[in-house]
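The following pair of complexes shares a single chain, chain A, combined with chain B in the former and chain C in the latter.
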Partner chain A sequence: MTLKPARSYLAGFLVLPAVAVVVLAMIVPLGYALVMSLFDFGPGQESSGVFVGLRNYVAFFHDRVALGSLGITLIFTVAALTLELGIGIGMAVLLSGLPARLSKLLRAIYSMPLLVSPIIVGLIWRYLYDPTFGLVYQWLRAFGLEHRFGGLSEPGSALFSIIVADVWQTTPFILLVITSGLATVPHEVYESAKMDGAGFWRTMIRITLPMIGRVILLVTLIRGTDAFRVFDIIYALTGGGPANSTMSLSIYAFKQGFQQYEMGYAMAISLLTMLVLVILFAPLVRKSTYMERS
Partner chain B sequence: MKKKPLQIALTLAAAAMLASACSGGNENAGASASSGSGKVTLTVSRWAGPHADDQKEMLKQFEKETGIAVKMDDVDYGQLQQKQTLNLSGKTGEYDLVWAQEIWIPEYVKAGYLLPIDEYVKDDSLNPKAFDFADYNPNLLKIVTSDGKLYGLPTFVQLPLMVYNKELLTADGLTAPKTWEETLAIAKYYHDKGTGIALPAKQGQAAVDVFASLIRSNGGDYLGTDGKLNLASPENVAAAQFWKDLNAVSMKGSSTWHFDEVTKAVQSGQAPIGITISGQVGGLEDENVSQVAGKIGYAPLPYAKQPYGTLSVWNWCVAADSKHPKEAYRLAAWLTSKETEKAMSLKDGQVAGRQSLFSDPELVAKFPFFPAIGESMKQADTQPLSANAPKLMDKLQTALSAVAVGQSDPKAALERAQRELADAFQ
Partner chain C sequence: MNRMTTKTARTGVKGLILVAFALWTVIPILMVVLTSFKKQKDIFTVPVKWLFVPTLDNYGKAFANGDFGAYFLNSAVVAAVSSLLSVGLGALCAYGLTAFGIRSAGLLTNFFMLGKLVPAVTMLLPLFVMIHAAGLLGTYVGPVLAHTAVNLPFVVWLAISFLKDVPPELEQAAQIDGCSKMQAFWRIVMPVILPGLTAAFILSMQYSWNELVFSLQLTNMDTYTLPVGISRFVGSVSVDWGKSSAAATMTMMPIIVIGFFIQKYLAEGTTGGAVKG
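Now for the complex of A and B:
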């Protein structure tokens, strides 16, 4: 009994490094951003900032471009995530049905886009989409469709074009994670389902998807939060244009901070982005911890 | 008791980890400090590209002449301002000399990032032979002067220019365009044939720089004679209408192009006519990369009443947190000396801030676009450099992009920008 207090001190001391990392790397910057979002100041001019209270937050809800960028970010997240999950899960299931060596080879080939940095992916796709030099238009020309697709040039199609590039790059991530999830499903379950006469879709809906539910949830969390903070691929492809039609919240915050020198407003936008992320994804986090416990 | 050594070991490891977590983040400090041998190493910040590569070669000569080593941190143009701002605001001392665009200067000066160099300019021991300070274009020096103090030396002048394939135009029986109407007619002629004019119409600063020339060539400007913002004046609306009409006969994809893509389209022989920037036209005359070398004609941007250039100039500025400000200035003076600037111009056709080089026979003979730049420089101005200018540029970028893709009526787009800027320009 006498040893207990000493042990608990030691335990407390041992978690200090972790606590220090969390405080220094997460809580301090967050607190700093929260405080500085209440000031009006330019980059490097923190000391001469003017306290404006919640004005930066109020300004966001009166800023047409900011609200537009919130909508665009939501559309991007939902569309990109849906496509990536659909294609990623579908490909993972199809590949798992192939002979092991072939599926490994194909998985390696499909995973290549993951190795390229998003900014380079943006540059590659910028040239692919170029109506004069790009491959996309050369293919469309073969079918006589080049005048029907605006690509990055028109506000109506620019966001869709970016989503396609993003899907090309990030689907392999989903594919890899889902594949590892599929490996945990016992083979006997499929065999007994087969014996019971279950077809492909029935097996998929009744067995595969429920059994990799946790993995899907996890990958939705990781990819969803990532998609909501999208920056580099849009920055490289369109810079937010044409006519602000691809302006994501992160691009807008960057522009406010480093081109408009409105650092306080940029921080307010970033914190609001985080708040929306929490509202959108907190239920999933709760669900995933619940599943963890159960 | 047996557990004690393990506990001690774990405790020590935890303490070591904590110490290492608390240190760090100071890797860059002293990056520009003297090395152990006492040799000074300067770090300069600029954008990357062929011009930077040429400059790196020149820097070897500076090192040989002075014994001062120079490390160049050349990054993509899109990241440059952000990187400079982060380093200068953090007072990391990483940069001794920064290459700054004229529109950044007011903000940099206001934030205390730059060191006044008036005293150094007078100190002959820091200047190269035949320095001739009076040879710097006075209009350019004004841009880097604030409250009577000089904050940099101008070096790399850029102006949007019109370029056209004169061989093709002659073959088609057309003459080189000058005015809005003439340019529209030629762009339409080629648009009907499947190409059109190559324009830097991407939502960004290039389009606004072209627009500034257009409105000023029509007698308009952002501010009215009373000094108040007057974006939707008849002269400006006419210029925006011209921008819309020109975009309607532009090459497909122009609304996603910056100057780089326009240059590439002209270089490859795809675009018969285009609007690009002087800093890139050297590449059009380079036979190794251009299929139209020797075939290109150059002119100021199309005008309504008189040609008007939009001036952009890069300046070498000494960082306020430099540990070697004198050596940094010495490098700036050397880089912008007549001799170095001429050598750089001969390499890639860059336009320097030195008056005497505009009429240098050797340069004019090698680069046929120098007269067009001289013509544009006669009537030229920068974008506004006031503290609220970035807001104006941002709103115009959006408005012109919307006009270019046909999403907005020119007058409505300018009126909207005017409304949205009302608070900032009170």
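Now for the complex of A and C:
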């Protein structure tokens, strides 16, 4: 289809402001970071930066904390995503069998954590995990388990404690999206499965899950990228400690930049973070756009 | 008979799971709200006190020194301005991309989707340097620009999905009646997609209202938003749980209440219209 010139000008005029904002606040900074990651400089001292070539990138692979944070970020992403998908899909299936009104009411209740600022989620869970008066410890004490669990203050349990808080906040997102996905499966499909004598699990694995495959892919993409970029909830709960046991890549880059004043190194870390993210999720993005079209 | 009992047992287990999940969701939020109304001595009790004489002291403390009031105002300004910009520019952009049958439209949509693959910190570090160099650190410009840029891709994506639901005959009829393309947009298309755009606006507000990373470094004492303010309440050596809880309650309640009304759009909005609520 060819356009009259006047029309294509109008289209460009409509699209341009939005593109300009994204270019100005996202693309230009990315390009700038790419250049400045080759320099050594502190915040506000970019003009007196020293050119160091690729040394900031090489440093990453010799930095134990940095490599550790890559591992922690991967563990966090896989663990959080698995738990959230499992619980979210399970609850969505459970809700789909209920009368519409009841399921709508429950969904409204379940989606509350989704709307709470991550910094407040951090506040809430720090309160719950408090070793003396926190609810978690009061319940553990009832079972005599209070010494078995270190909560946020021990390296062995801090990451797990953060994952629990993250599951609390973001499982509702998966639940909501999967619920809308389930609503698109035609009723006749279930009826014919029933007629063929297929049980619950068989119907689930052979029919339901494949039919909402596109939606599962989509939530995996959205939640997976969010989890890999995790910052807020860790910042609010532990700040990366104790003993760097909850140091995610984003937290480490932030700390290097604004607390160690190594802006060049921080940019190198954050760009490597993005690179890993793209390598991990680009195939999913391509697959989901492909599925969108077909 | 045996079948009946298994069926009842199954319903019982289902009910139990549903109630347990509701408690798991609600108790943490309830704890903060209750704590905000507790006197200092009732906050640190073992076991937790569920019944107590309520007080508004903590709310008074949160407002003392003008702290909370100022944060609230800053958040309101940043959220309102950035959301208006995202929805305004986003709706026009979406119309430009869909209504003219442009070839590269698919490519541009993908370009917007890439926003999901940029970590906030990757964007923040250079943005901080640039905004500092421009002398705009500590003004509303930083957080407004960052929030708008993050929200725009998702608003455009969402608006495109709403535009697809507008029957093309409506627009064609308007143009036969002598409307220009833009007149058709304002008079015919806009009213149809307005409910969707309202939801997009609220979701943008919600992101901006709750956002931490950008505001943390791009604002200063005069422009701290609510999440930054709360992080400062919490970050200090000893946490004042009463004051923090009051601030947290006042910050999250407006969004939770609004959330109830836009239930339908939550799933659709957060996936950019890829699923229907």
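The criterion applied here is as follows: the second predicted complex is superposed on the first by the 271 of 294 C-alpha atoms of A that agree within 3 Å, B and C clash if a C-alpha of one lies under 4 Å from a C-alpha of the other, contacts with A are read in each partner's own complex, and residues count from 1 in each chain.
Keep in mind that, in the parts below, a contact is a pair of C-beta atoms (placed from the backbone, for glycine too) under 8 Å apart; a residue touches a chain by one contact, two chains touch by 3 or more.
If you're wondering where the values come from, they're calculated on a predicted model, not measured in any experiment.
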item	value
Overlay on chain A: chain C relative to chain B, clash or fit	clash
First (chain B), second (chain C), both or neither touched by A:R126	both
Contacts of A:L152 with chain B and chain C, given as first, second, both or neither	first
Which of chain B and chain C A:V58 touches, first, second, both or neither	neither
First, second, both or neither for A:Y261, with chain B first and chain C second	first
Contacts of A:P17 with chain B and chain C, given as first, second, both or neither	both
Chain B versus chain C as contact partner of A:P242, first or second or both or neither	first
First, second, both or neither for A:G42, with chain B first and chain C second	first
Chain A residues touched - chain C or chain B, whichever exceeds	C
Clash-bearing segment of chain C relative to chain B, given 111-119, 129-137, 183-191 or 201-209	129-137
Chain C-contacting residues of chain A that also contact chain B	10, 13-14, 17, 21, 24, 43-44, 126, 132-133, 235, 258
List of chain B residues in touch with chain A within their complex	7, 10-11, 14, 17-18, 21-22, 78, 81-82, 85-86, 88-90, 107, 110-111, 113, 202-204, 251-256, 261, 264-265, 268, 270, 390-391, 393-394, 397-398, 401-402, 404-405, 407-408, 420
Residue ranges of chain C touching chain A (in the complex, touch as defined)	14, 17-18, 21-22, 24-29, 31-32, 35, 43-48, 85, 89-90, 92-93, 95-97, 99-102, 108, 110, 112-113, 115-130, 132-133, 145-146, 148-149, 152-153, 156, 181-182, 206, 209-213, 217, 226-227, 230-231, 234, 239, 241, 244-245, 248, 251-252, 255-256, 259-260, 263, 266-268, 270-271, 274-277
Footprint of chain B on chain A - complex, ascending	10, 13-14, 16-17, 20-21, 24, 42-45, 64-65, 126, 129-134, 151-155, 235, 238-244, 255, 258-261
Residues of chain A that touch chain C when the two form their complex	1, 3, 7-8, 10-15, 17-19, 21-22, 24-26, 28-30, 32-33, 36, 43-44, 46, 91, 94-95, 97-98, 104, 106-120, 122-128, 132-133, 135, 138, 168, 172-173, 176-177, 179-181, 183-184, 215, 218-219, 221-222, 225, 228-229, 231-232, 235-236, 249-250, 253-254, 257-258, 263, 266-267, 270-271, 273-274, 277-278, 281-282, 285, 289, 292
